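Both complexes shown next keep chain A, but they swap its partner, so chain B is in the first and chain C is in the second.
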Partner chain A sequence: MADVAVQSNRVVGVAGGRKRSSLRSALKRKSTAAFLMTLPLIILVGVLVVYPAFYSLHLASLNKSMARFVGFGNFEFLFKRETFWLVVKQSCIFAITAVLFKALIGFVVAHFVHNIPAKGQRKWRGMLLVPWVIPPAMSTLAWLWLFDPSYSAFNYTLSFFGVGPIPWTGDAAWARFSVILVNIWVGAPFFMIMYLAALKSVPDQLYEAAAIDGANWWQRIWYVTLPMMRNIIAITTLFSLIVTFANFDIVRILTAGGPLDHTHIFATWAFRVGIEGSDIPLGASVSLFMVPILAIAAVFILRDINKRGNEA
Partner chain B sequence: MSTVTIDKAAPTRKVKYGSMSRDRAWALKWSYFFLTIFAMFSLLPPLYMLITSLKSSAEISAATNPWWVFNPTLSNYIEILTSNQFQRFFFNSAMVSIFVVTITMLISVPAAFALARMRFWGSATLATGVFLTYLIPETLLFLPLFKMFAAFGEFTGIQLINRWYVLLIVYPTLTVPFCTWIMIGYFASIPKELDEAAVIDGASWFQTLTRIFIPVAFPGIIAATIFAFTVSWAQFLYPLVFTTSIDQLVLPVGIITTLIKGDVFAWGQIMTGALLGAAPPLIIYAFLMDYYIAGLTAGATKG
Partner chain C sequence: MSRKNLSRRQFVAATALTSAALVTAPYVRGAHAAGKLSIGFWDHWVPGANKASTDLVNEWAAKEKVEVSIDYIPSQGNKLLLTTQAEAQAKSGHDIIAMNTWLPHSLAESIEPVTEIVEAIIKQNGDVNGTVKYLGVADGKWLGVPACVGSQIKGPCSRIDLMKKHAGIDVQAMYPAGEAPKADAWTTDAFLKAAEACHKAGVPFGIGLGETSDNVDTVGAFFLAFGAEVVDAKGKVVVKNDNVRAVLEYYKKLMAFLPPDAPAWDDASNNKWLVSGRGALIMNPPSAWAVAKRDAPQVAEQCWTHGFPVGPKGRFAPFLPYYWSIWKFAKNKEAAKSLLMHLSQPDAVEKMVKASGGYDLPAFEKLTTLKVWAEEGPPKGTLYHYPNPHKHQVLSISASPAPPKVAQQIYTQATLTKMCVRFYQGEPMEKTLAWAEGELEGFMRS
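After this line comes the complex of A and B, so read on.
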């Protein structure tokens, strides 16, 4: 704090001039006031986010009863377990496939919404954003019921097309498909709305110029829309990658990791091991494996944000 | 927007009027066609919730068309709304959300103001730090937090695990960073002349915040409030980890733990509960969609 006061005093010396002493105390108050205003935030983030994040590193180095330090013992144990590698594989399949399709669907739908006259856009936007608004725990229950093994509404409908009953959540491959499908359903509207905002910010003159130069529809997208939207596409994708990678509710409610652990991702397996299996250190070790991916995504997002800040 | 579409077609219209407008009409038709498909996909689960919630359990287990209600009944709604358990869940959810929104706003509005306007030592780093915090998922923190609260209970005798108010402590970790982040963006967009004038007129920092920043950035504050509410209403992992007794549960966890007993699913009631649980965010969204969307787009893009 002393440091703060000294620094702002120097600023006063330059800017102030007359009435130096009263201004000095005012600006002294300013830094103090600013610090006090951010103090609750600093405490919250420090105690409930930063501390636990590092604490989980410590936890990961303890044995099951949390009495003995085992170093990398938990990690060694994980590396030897087949389930762990299954979880790694599934987390990657889940996150990459889901984000890819969300981005693709979001991009296409945003174009359709952008295409139609402005008067009706609000209505469509409203309907398309509904999956994003409903709490995922609630909507996943509806999907669970749609996928129900004996009364599945999907299978009932498919039977009219001669497609046999599909074991939506019972078979490993179909369970993965179902989990990803629900994730796409929940997340695609976010992309749609972000891309729509980006599309609206592309100046029309660019399209006019492209049209005059004889660019066709595909060329307009490739040479005008995509370069203009690059930043937002990148940031939204990275952002969604973090959220999807760390997803919990959808997998937990739809399959609870089954059948035979074939849909577990890091978060659900950490819950299974840490809370249900009451092996907190092992659970913490599992969830720590999300960190590298999150860190890489965060670095890229931050770089992007800073770049934008400098341009402005 | 209507002007935009006209502009786009304008330069070529003189040259070949017919084909261009025909292309345009085709594009429009296809747009509506695909939008209808996507809207159906979007609205399918909530619609199915509604259909099922109006059925009796006899009709649900009968092998009839699942997409149609033959004998609509409100019995599921009556049962859920009069059940003490569910009233408790609603009450807990509402309490938690209202408190969390209040706490979030009390913390993040002043913090965002200070970070946007009052440069001080480390303010830029702190703003970035807030954004990074927002990127840390709750799935990484629930185990250490669980252990911390358990240890806190052993140490002080104050029990936090399995009390609904523990959620008031942990939810702000999700809402505060995001709300602060979007509010920094809103506050930063307010012209400097406005608050400089206020300071010259002798307003204190607190007065500048309450008389100028809060009224001017009101849309941003509404957006942040909606977000804080939606996040705390929808949160599933934290209540699942930190609460277990029936009387401490919030709605999403309550529905899942009380209505699913082993392999027996009371689907009529589950769907009714899920629909009622989805209703508050949907209603707020129906009225304040523009703020919601503004917040959504501001959150991830504003630097």
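After this line comes the complex of A and C, so read on.
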């Protein structure tokens, strides 16, 4: 018995030693160190993102007074509301149009900046980034004054040319145009800087080879620049689509969703219903409706990144 | 310099003596013996108005030995609304929080009833108007103490000169300072004619039709003046009725004389309209006039705040009260109740009203005739009729008498304004009513 006991103790002792040594080697591994270093951020994300996400799921499953579980009842209710479908339509118009123009303008401006001699390029880059650097809430306030229904600086200027007055935020079509315009103004520099970085990474030899083959300007863009920028264009566009879909400040400040709800997007309508209307569960449901749309966009981003990684 | 060294024996003896003295001494209340109290007040836009509240709170805190902290939270950018909703969700935050209009009802489950203290205050200061009861009482319990700070009436503020010159109406004679109104002829029809005349003269009435509070309050008072209920007091959707049709027809005529961009107006638009001198009338508390006193004194001198026009079913004016509510999760409810009693004393109320230049309105009957409204100017007496001293009009709220939780949806979604704009923009009457019916039925969810 004694031998057995001694034997078993030895086994335990050896196992303990192995555990200690494996712990020591695990701690020495780069991946473990990296994990430990990112742990505070993971916890922070857990607290600030995951918890509120699950809490909003919980809220979306309650009735208006938050006293009863209603499952998908709030979503069923939303699907029957005319205003909800107006918001869906408006969100799609807003996000797709704004992202399209941001990408287009970013692409064109990036080419212009790329062609500026290196000496003066930094100044231009800095100036063109200003709209993106200013907090959107602040710059939108300036736009609000420019679009003011009664004292619009734009209308004042246009009056010298015998045009207007244009109801910038008072007419549904103009109001949509205005919120999209401001979103493009704020977001286009982001595209510009991303595309500029991509342009700089295109090897000059490719253009030289294309020139020797007799490629014209358009062919160089189509067969050299675009294929080389494809990944960055996709990632930037999809990333911007997510951010634009979830936009709040621009619409809230400029039109607050009006006139007649024609500029509401998910976030602003969720705020109107949930916070201003004290129907928190319905507001949570409206904002959660963005999740499947944004999840699809995220899947595309991840697939694109993965593909890019494999190509590398 | 000499230093006396303390031996170990002397130190022990001294410590023992001190301890004995402390233990046997009578209990002396410390500076903050009655605990702590945290307050979230509405951040007043009038410079110096917050100081009056702070002084009153400090005066009480010194007497009651309570450690107080005050946060002045602006309503600008919905900061106060967000704070209130967040505290209700988190079940943590201030002990007392300022809540306006619909919030006491919508957050009733999280609020400590204060019936006994409000009843005591009513006994002392006189009864409150019907709107204050409608918004502040649920299931027979008061959900907050009606606060004078921030409470307001949004009545007409007219330009004396422009109304006289273009519409032939002497607003000072109609609402003389220090006397009861002589406004029988101030009807919705007279209002419409005046709007037309001022529009023709290039100084239109500045009435917005956007989705913010000022716009919704004005349209709500006109709906009530025509007896146009969209949801009745029992919560039944009754929007398809002749009174609603009549008020929509009326608003269609009125909108033709308003600035063309009125559907895009927010709460600042009408103020700017008056201060810039472009309009003859707006619907507002005297904040625009107060700004004009500073920025455009020649405009301020011509401003006169007065009553609403009377419609087929009466004369109504929007009253938006603030309440000081105590959370159910408050840590020092007794101190909170004591402070709210202190802030509701006539002397305290008068100090706060004075500090706001007459903007703040006490809800209590006996406190609507304070000197400040008669004395404020220029022109002197411009605010005399602001607190409705002669009960000349019914103080109301848009979307009433629908049950408050339904009315809140009508109010925040600006359903009444949207109805007017849709109809004005050419939508057939029955289509507008059908749209409204669908919206209102959606607001019934519990």
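In this section, the second predicted complex is superposed on the first by the 268 of 312 C-alpha atoms of A that agree within 3 Å, B and C clash if a C-alpha of one lies under 4 Å from a C-alpha of the other, contacts with A are read in each partner's own complex, and residues count from 1 in each chain.
As a convention for this text, a contact is a pair of C-beta atoms (placed from the backbone, for glycine too) under 8 Å apart; a residue touches a chain by one contact, two chains touch by 3 or more.
Every value quoted in this text rests on a predicted model; they were computed, and no experiment measured them.
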Clash or fit: chain B and chain C on chain A? clash
So in the superposed three-chain picture, is A:Q219 touching just chain B, just chain C, both, or none of them (first/second/both/neither)? neither
Scan A:W124 for contacts with chain B and chain C and give back first, second, both or neither. first
Looking at A:I275 after the superposition, I want to know if it touches chain B, chain C, both of them or none. Which is it: first, second, both, neither? both
Which partner does A:I193 reach: the first (chain B), the second (chain C), both, or neither? first
Please determine whether it is chain B or chain C that touches the greater number of chain A residues. B
First, second, both or neither for A:Y151, with chain B first and chain C second: both
Partner chain in contact with A:V291 - chain B first, chain C second, else both or neither: first
Quick one: is A:P167 in contact with chain B, with chain C, with both, or with neither? Answer first, second, both or neither. second
Chain B versus chain C as contact partner of A:P52, first or second or both or neither: first
If I apply the document's touch criterion, which positions on chain A are contacted by chain B in one structure and by chain C in the other? 151, 275, 280
Mind pulling up the chain A residues that touch chain C in the complex? 63-65, 77, 80-83, 149-151, 165, 167-170, 175, 255-261, 272, 275-280, 282
Sites on chain A touched by chain B in the complex: 3-4, 7-8, 29-31, 33-35, 37-38, 40-42, 44-45, 48-53, 55-56, 59, 66, 105, 108-109, 112-113, 115-119, 121-122, 124-131, 133-139, 141-143, 145-146, 148, 151, 153, 156-157, 185, 189-190, 193-194, 197, 204, 207-208, 211-212, 232, 235-236, 239, 242-243, 245-249, 252-253, 266-267, 270-271, 274-275, 280, 283-284, 287-288, 290-291, 294, 297-298, 301-302, 305-306, 308-309, 312
Which residues of chain B touch chain A once you look at their complex with the stated criterion? 1-2, 4-5, 7-8, 10-12, 27-28, 31-32, 34-35, 38-39, 41-46, 48-49, 52, 60-61, 65-67, 106-108, 110-111, 113-115, 118, 120-121, 123, 126, 128-133, 135-148, 169-170, 172-173, 176-177, 180, 205-206, 230, 233-234, 236-237, 240-241, 252-253, 255-256, 265, 267, 270-271, 274-275, 277-278, 281-282, 285-286, 289, 292-293, 296-297, 300-301, 303
Inside the complex, what are the residues of chain C that reach chain A? 78, 81-82, 85, 89, 102-103, 106-107, 109, 210-212, 259-266, 269, 272-273, 276, 278, 405, 408-409, 412-413, 418, 421-422, 435, 438-439, 442, 445-446
